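The following pair of complexes shares a single chain, subunit A, combined with subunit B in the former and subunit C in the latter.
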Partner chain A sequence: MNTLISLTDNLRTFWSYTGFYNAEPGHLIMILVGLVFIYLAISKEYEPLLLIPIGFGILVGNIPFNEAANLQVGIYEEGSVFNILYQGVVRGWYPPLIFLGIGAMTDFSALIANPKLILIGAAAQFGIFGAYIIALQMGFAPNESGAIGIIGGADGPTAIFTTSKLAPHLLGAVAISAYSYMALVPVIQPPFMRLLTTKKERVIRMKTPRVVSQTEKILFPVMGLLLTAFLVPSGLPLLGMLFFGNLLKESGVTRRLAETARGPLIDTVTILLGFTVGASTQATTFLRVESVKVFAIGALSFVIATCAGLLFVKILNLLLPKEKKINPLIGNAGVSAVPDAARISQSIGLEYDPANYLLMHAMGPNVAGVIGSAVAAGILLGFLY
Partner chain B sequence: MTPIFEKTLLIATIGMAGIFLFMAVFYLLIRALDKLMPFQEKKPAEKWSEETATEKEEEEP
Partner chain C sequence: MRSFTRLSFLFIIVALFSGCSTDKKNPEWVINEVMVVNESNYVDHFGQRNGWIEIYNNTAKTMDLGGRFLTNDRNNPKKYPIPRGDVLTRIKPHQHVLFFADENPINGTFHLNFRLDSTRENYIALYDNDGKKLLDEIVIPAGMLADQTYGYEQDGIKYHEDGSSTAGILARVTPSSNNAILESNPKVDNLQETDSLGGLLTVTSMMVVFIGLIALYLFFRLSGNIAKRMSQKKVAQSGTLSAARSHSHLSGEVLAAIAAAIHELKEDQHDIESTILTIHQVKRNFSPWSTKRQSLRELPR
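For the complex of A and B:
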């Protein structure tokens, strides 16, 4: 009889540790979100390299377990494996490493050949400051608003880096929002691109960019680093690594290092970053009204950034001679979703003129957007950290 | 306008001005780079020697 009672107790204890016993509606909602991410990545091919790790991370982070039992399996339990991996996000180690890889795979030629395109990358940062103002008006604290605003830069690593410093408690919401909207750039941007441009503007043909010498390509990251270091030192972890990676690529004598930075290193860090960000969306900490607000402001910030880029080109065109006019369809590429935003410029441009290839022109503002959002992050950190 | 909103506007204005300033300096540096080191297409060595040889032949009486 005692054995039976003991067995029943053991089974009851075992049951209390299972996911079925600890499951709450929130866990199921988040598991559904994770499955949607995986579906979008595989079926629609929306940013699969990010959405698969994040989606699977969401599944892992939302497996219900007995949190009071100190099993050290949850991402927020100090000392757990996931918690150790998550430190790269919390302490901001992963984003600069990602930027190193981005630098090693980015060709700044389009920007060097037509430097006025860099200003489009600046204009699109209105998305960041517009969202910052909106977030503050919606009741967020200044540091939280800064973290939410950075979603408008359309740059996941920058958003994570800034949020880890300004408002770590919003990290999950900001990161998921930034990456979700980055994946949805092909859905968000085209309607505004059509709305804000005329048919005549959409068929503007731009001059083929000049050839850029190797010396210019080598000097560009060195100049960029020095400019960053002196003007916006708080952006140094991101921009310093971006330009370092680019010098590895362009120097021509560190091919192995450049290949490692843009290959195995960035892949490893992307896996760790995506997975841990996904796992950080544990329903008990993630499903709050605040997160919904972050998502709403994030969507608005993308719209503001897109519109600001497009309108800026239209204004710039008023000052340029006819032969130097810029096709406003590349204005959307001022956000730093590389190269998706530039590809959208190309595809919309081809719809109206099948022989007008805008990709090489759009890459200029696109890489300028990467620099611009990191500068904006540096400025926000300078004011609010 | 509340003081917080005023401060927000100030940060946003300074922020955007800062980004444009940064990009403008970057723009000027790239222009300077282009002026100082304009791209020159390298002529292939053989073609160059042929041209030089032709020039020399033409110069000879």
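For the complex of A and C:
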């Protein structure tokens, strides 16, 4: 009889440790969200390199367990494996490493060949500050609003880096929001591109950019760093690594280092970043009204950034001679979702003129957007940290 | 237009560097707070009350005070050598350590071999390992009252913006902890008060973003023009058709007609032409910029 009681007690204890016993509706909702991410990544091929790690991370982060048992399995439990990996997000190590890889894989030729496209990348940063204003009006504190606003830069690593400093408690919501909307750029941007441009504007053909010399390509990261980092030193971790990666690529003598930075290194960090950001969305900390607000403002910030870029090109066109007019369809590419935003310019452009290839023109503002969002992040950190 | 670009670029560079900081720098180690007469204040590990000197690590890295010198004598910079090898002299970033001026160094690392005297001015200095390089100094005025401290309102901030000293008698006595207690982020508080709508920060930030990227634009416009001129020069020196085109600024069609005429003349063919030479420009729609594979990705439906 005693044996039976002991057995029952053991089973009861074991049951209290299982996920089934500890599950709450929030966990199930988040698991569903994770599954949607995985579905979108595999079925629709929306940013699979990001959505698969994040989606699976959400599943892992929302397996319920007995937190009182101190099992050291949760991402927020100090000393757990996931917690150690998560330090790269919390302390902001991963984003600069990702930027190193981005720098090593990005060809800035389009920007160097037609430098006025840089300004479109600056205009699109209005998405960040537009969202900042909206967040303030919705009751967020200035530092929280800055963290939410940075979603509008459409740059996951920058968003994570900035939020980890300004409002660490919003990290999960901001990161998921930024990456989700980056994946959804092909859905968000086209309606506004059509709405804000005329048929005549959509068929503007731009001159083929000139060939850029090796010297100019080498000068770009050096001067880019000096001109931007002197202005916004708080953006140094991102700007420094971005331009360093680009110098590795363009110097021509560090091919192995450049290949490592844009290959194994960025892949490794992307896996760790995506997975831990996903796992950080434990229902208990993530499912709050605040998170819903962050998502809503995040969507608006993408819309504002897209419209700002498009309208800026239209204004710029008023000042440019006829033969130098810019197709406003590349205005959306001022957000730094590289290269998806540029691909959208290309796709929409081809719809209206099958021989008008806008991709390389759009890559100019697109990579300028990366620099612009890093500068904007530096400004926010300078003002609010 | 070209000179305008150059001037604009130079202006931005000069403007950017013209504000190079001339502010007085706060040192890495700061003698942060000093109590001369301790009647009913902080008690040391031996249960005694003595005057004390608080030193602050004003850097973002852990630094070791071991091997440096504390003194109250301008003529004897090496008066109290802070013992090496004590882990407690390794001070974390922006943290403090307390030395008791009890003239009793046998009590340990943090007990000095001198006392402070309230009846006269107290000069206190911290010297580097060589005993020559002054790290920081402070002069405590005579007549300090019991349990009163002298130092800086903000930890490690020795100077006002105008360069004058911030030293003074402190409102709160805070041994081994921050002189200024920050309950919130002053930047955030200030923004909440002065810019509740966020418009000011938005305008400022957008201006900074534009300034940064305009500087890049001007630089690459300038360097692009130089690069174009250099490449034209190279082509011109090469003696090819492109060189002639680059040199004369004539259109390709005109140059082709001239080249054909010269060729025929040299070959002694067709001295007198009865027909019209028609040159069709070859249209090249394809270029790596318009390659088809770049547009393979379809929009999701």
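Just so we're on the same page, the second predicted complex is superposed on the first by the 385 of 385 C-alpha atoms of A that agree within 3 Å, B and C clash if a C-alpha of one lies under 4 Å from a C-alpha of the other, contacts with A are read in each partner's own complex, and residues count from 1 in each chain.
As a working rule, contacts are C-beta pairs under 8 Å (C-beta built on N, C-alpha and C of every residue); 3 or more make two chains touch, one makes a residue touch a chain.
Small disclaimer: the values here were computed from a predicted structure and weren't measured.
Participant: Under the superposition described at the top, does placing subunit B and subunit C together on subunit A give a clash or a fit?
Facilitator: They clash: once the shared chain is superposed, the two partners overlap in space.
Participant: By the touch definition at the top of the document, which applies to A:Gly121: first (subunit B), second (subunit C), both, or neither?
Facilitator: both
Participant: Regarding the shared-chain residue A:Pro168, is it in contact with subunit B (first), subunit C (second), both, or neither?
Facilitator: Neither partner.
Participant: Identify which of subunit B and subunit C touches the larger number of residues of subunit A.
Facilitator: The partner that reaches more residues of subunit A in the superposed model: C.
Participant: Return first, second, both or neither, reflecting whether A:Pro48 touches subunit B, subunit C, both chains, or no partner chain.
Facilitator: A:Pro48 sits against neither subunit B nor subunit C.
Participant: Applying the touch criterion given at the start, work out whether A:Gly26 contacts subunit B, subunit C, both or neither, answering first, second, both or neither.
Facilitator: Neither partner.
Participant: Pick one for A:Phe220: touches subunit B only (first), subunit C only (second), both, or neither.
Facilitator: Once the two structures are laid over each other on A, A:Phe220 reaches both partners.
Participant: Where does A:Leu111 make contact in the superposed view: on subunit B (first), on subunit C (second), on both, or on neither?
Facilitator: Both partners, subunit B and subunit C.
Participant: So in the superposed three-chain picture, is A:Val187 touching just subunit B, just subunit C, both, or none of them (first/second/both/neither)?
Facilitator: In the superposed model, A:Val187 contacts subunit C only, not subunit B.
Participant: Once both complexes are aligned on A, which of 61-69, 115-123, 133-141 or 223-231 in subunit C overlaps with subunit B?
Facilitator: Only 223-231 shows clashing C-alpha atoms.
Participant: Which parts of subunit A are touched by subunit B and by subunit C alike?
Facilitator: On subunit A, the residues that contact subunit B in one structure and subunit C in the other are 111-112, 115-116, 118-119, 121-122, 125-126, 128-130, 132-133, 136-137, 142, 145, 210, 212-213, 215-216, 219-220, 223-224, 227, 231-232, 368, 371-372, 375-376, 379-380, 383-384.
Participant: Give every residue of subunit A touching subunit B within the complex, in rising order.
Facilitator: So the residues of subunit A in touch with subunit B come to 111-112, 115-116, 118-119, 121-122, 125-126, 128-130, 132-133, 136-137, 142, 145, 210-213, 215-216, 219-220, 223-224, 227, 231-232, 368, 371-372, 375-376, 379-380, 383-384.
Participant: Tell me, which parts of subunit A touch subunit C in their complex?
Facilitator: Listed in rising order, the residues are 44, 46, 111-113, 115-116, 118-119, 121-122, 125-126, 128-130, 132-133, 136-137, 141-143, 145, 186-187, 190, 208-210, 212-213, 215-216, 219-220, 223-224, 227-228, 230-232, 343-344, 346-348, 350, 355, 357, 359-360, 368, 371-372, 375-376, 379-380, 383-385.
Participant: Would you pull the subunit C residues touching subunit A in the complex into a rising list?
Facilitator: Residues in contact with subunit A: 16-17, 185, 187-188, 191-192, 195-199, 201-202, 204-206, 208-221, 223-224, 227-228, 231, 285, 287, 289-291, 294-295, 297-300.
Participant: Which residues, counting only subunit B, touch subunit A once they are in their complex?
Facilitator: So the residues of subunit B in touch with subunit A come to 4-5, 7-9, 11-12, 14-16, 18-27, 29-31, 33-34, 37, 39-41.
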